[in-house]
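Some structures are shown below for you to check.
Note that subunit A is present in both complexes that follow, paired respectively with subunit B and with subunit C.
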Partner chain A sequence: MGAFDAMDIGRTGVGFARYWLDNLSHNVANVNTVTNPDEEPFRARFVVAGANGAEITPSGSGVHVADVVDAVGDAPLLYSPDHPLANEEGYVQGAAVDLAGQLTDMMLAQRTYQANVRTIQTAKEAYESALQIGRG
Partner chain B sequence: MSGIGDVTMDAVTHALSGLRTRSDVRAHNIANANTPGFRAMRVDFESNLAAALDRAGSRRLDADAVEATLTPDPNLPGPNGNTVSLEGEMVGQMEDNLLRSAMVNAFNFKANMLRTAIGRR
Partner chain C sequence: MVATPIGAVTPIIQQSTMRPPGVDGSNGVGRAYTPPGTDGVGQTGFADALARGLQAVSDLEGSSDAVAQSLATGGGASVEDLMVATTQAQLGVELLAQVRDRALEAYQEIMRMPV
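Right after this comes the complex of A and B.
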């Protein structure tokens, strides 16, 4: 048990939310990435959270990135015969990214970031009030 | 705590330590607000502290008897099996901070009384 446990735990949460936002930005940035239909398409990356064990406190120590998984399912085929990556039938393959889902996830990730920053602020206030003990 | 302390100071000390455990657990719950299958926990130190105070009367508190207990939060799990209530934890953090200030004030009030008693202000 250290002096600033709640802050350290808040920091794991902020770090996770930042990593999540990074991946969401990567997915949204690649929403127009096209490939030849014979190749693997761009697939959105999903970040999976996992709870930490007793590294910081016995009751739990925040969150970590447990896994990053690719979106499943078929990527859309787009008819674009003039495209240099098009196959013989004139199709290129779009990205396997659900833009609406990515944008709602982005809101969630932003709120997660804010909530964990709030944890850090609250912990800071708690330590400040501890410094008032004995000040009369 | 020994010597100059009394049951009031013991109670305040244990309450502050219970609040500290609770804020660590809240931080862990908030950090895992998106973890699939995560079960939020709650810290209860009030029941054990109240029982220990009842037993102690005006004598000093038994430190082992005032351990905080952890229980799973009774919230219904969301679609991914997670039971963290983010807004509940936020409101709780605010309440805990108010309670912590109150405890610090109580401690300082007691310490001032002691200072008066020993003739120094």
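Right after this comes the complex of A and C.
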């Protein structure tokens, strides 16, 4: 056990939330990405959290990105005959991104980030109050 | 990088579970008194403990600098890495200063003793 385990664990949570936000930004930024219907559409990336080892050690605890999976389901077909990527019927393929879901996830990611920052702050305040024992 | 600072603290925790010298007969009669925590744990005294504490704090500062450089040069470190590393280094320095103050206080208390 290290002296600053709580801070290091909180840091993994903050890092995970930041990576989650990165992926949400990527998904939202690509909400208008269109492809030819014969090609694979843009699919929203979902970050999967995985717990680190059960032991509370500096290197083996906290959370990590276990996997990043693509959204499933059919991408919407948009009628746009003048589009250079349109097929013979005049359709292009939109992005498989649920914008409302992404923005809801963004709120969750933001709260996750803040919660983990709070654990770091609380750990820091706890250490500082321990240092107060000898003071004065 | 953070496992090192506890090294200076662990013997203090251990000494509470150690039996006083002489209780089990391993410290023979007439042998010089050995403060608990200084025998059998691989250290020779406060000076060594302080030196190791200094080294641990120095390591924390070093890793904090490395993270700062990595962040500034786009080397993969993130803002939260830097903030945690600098906070740990700051807490390490404060802890070391507290230990020094307590030791100095104890020393001065003894020096003020009328003889």
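Everything below uses one rule, namely that the second predicted complex is superposed on the first by the 129 of 136 C-alpha atoms of A that agree within 3 Å, B and C clash if a C-alpha of one lies under 4 Å from a C-alpha of the other, contacts with A are read in each partner's own complex, and residues count from 1 in each chain.
Following the convention adopted for this analysis, a contact is a pair of C-beta atoms (placed from the backbone, for glycine too) under 8 Å apart; a residue touches a chain by one contact, two chains touch by 3 or more.
Every value quoted in this text rests on a predicted model; they were computed, and no experiment measured them.
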Exercise. Report for A:51: first if it touches subunit B alone, second if subunit C alone, otherwise both or neither.
Key: first
Exercise. Classify the contacts of A:124 with the two partner chains as first (subunit B alone), second (subunit C alone), both, or neither.
Key: second
Exercise. For A:108, select first, second, both or neither according to whether it touches subunit B, subunit C, the two together, or no partner.
Key: first
Quiz item: For A:134, is the partner it touches subunit B (first), subunit C (second), both, or none of the two (neither)?
Solution: both
Exercise. Please indicate which partner A:29 is in contact with in the superposed arrangement: first for subunit B, second for subunit C, both, or neither.
Key: neither
Practice problem: Would you check which partner chain A:99 touches, where first means subunit B only, second means subunit C only, and both and neither mean what they say? | Solution: neither
Quiz prompt | Partner chain in contact with A:18 - subunit B first, subunit C second, else both or neither | solution = second
Quiz item: Taking the superposition as given, does A:4 touch the first partner, subunit B, the second, subunit C, both, or neither?
Solution: second
Quiz item: Given the superposition on chain A, which partner contacts more residues in subunit A: subunit B or subunit C?
Solution: B
Quiz prompt | Those residues of subunit A which subunit B touches in one complex and subunit C touches in the other | solution = 5, 7, 10, 134-135
Quiz item: Tell me, which parts of subunit A touch subunit C in their complex?
Solution: 1-5, 7-8, 10-11, 14-15, 18, 58, 117, 120, 124, 127-128, 131, 134-135
Exercise. Within their complex, state which residues of subunit A touch subunit B.
Key: 5-7, 9-10, 12-13, 16, 20, 48-52, 56-57, 59-63, 66, 108, 111-112, 115-116, 118-119, 122-123, 125-126, 129-130, 132-136
Exercise. Note which residues of subunit B are touching subunit A in the complex, please.
Key: 16, 19-21, 23-28, 30-36, 38, 41, 43, 70, 86, 89-90, 93-94, 96-97, 100-101, 104, 107-108, 111-112, 115
Practice problem: In the complex, go through subunit C and note every residue touching subunit A. | Solution: 1-6, 9, 78, 80-81, 83-84, 87-88, 91-92, 94-95, 98, 101-102
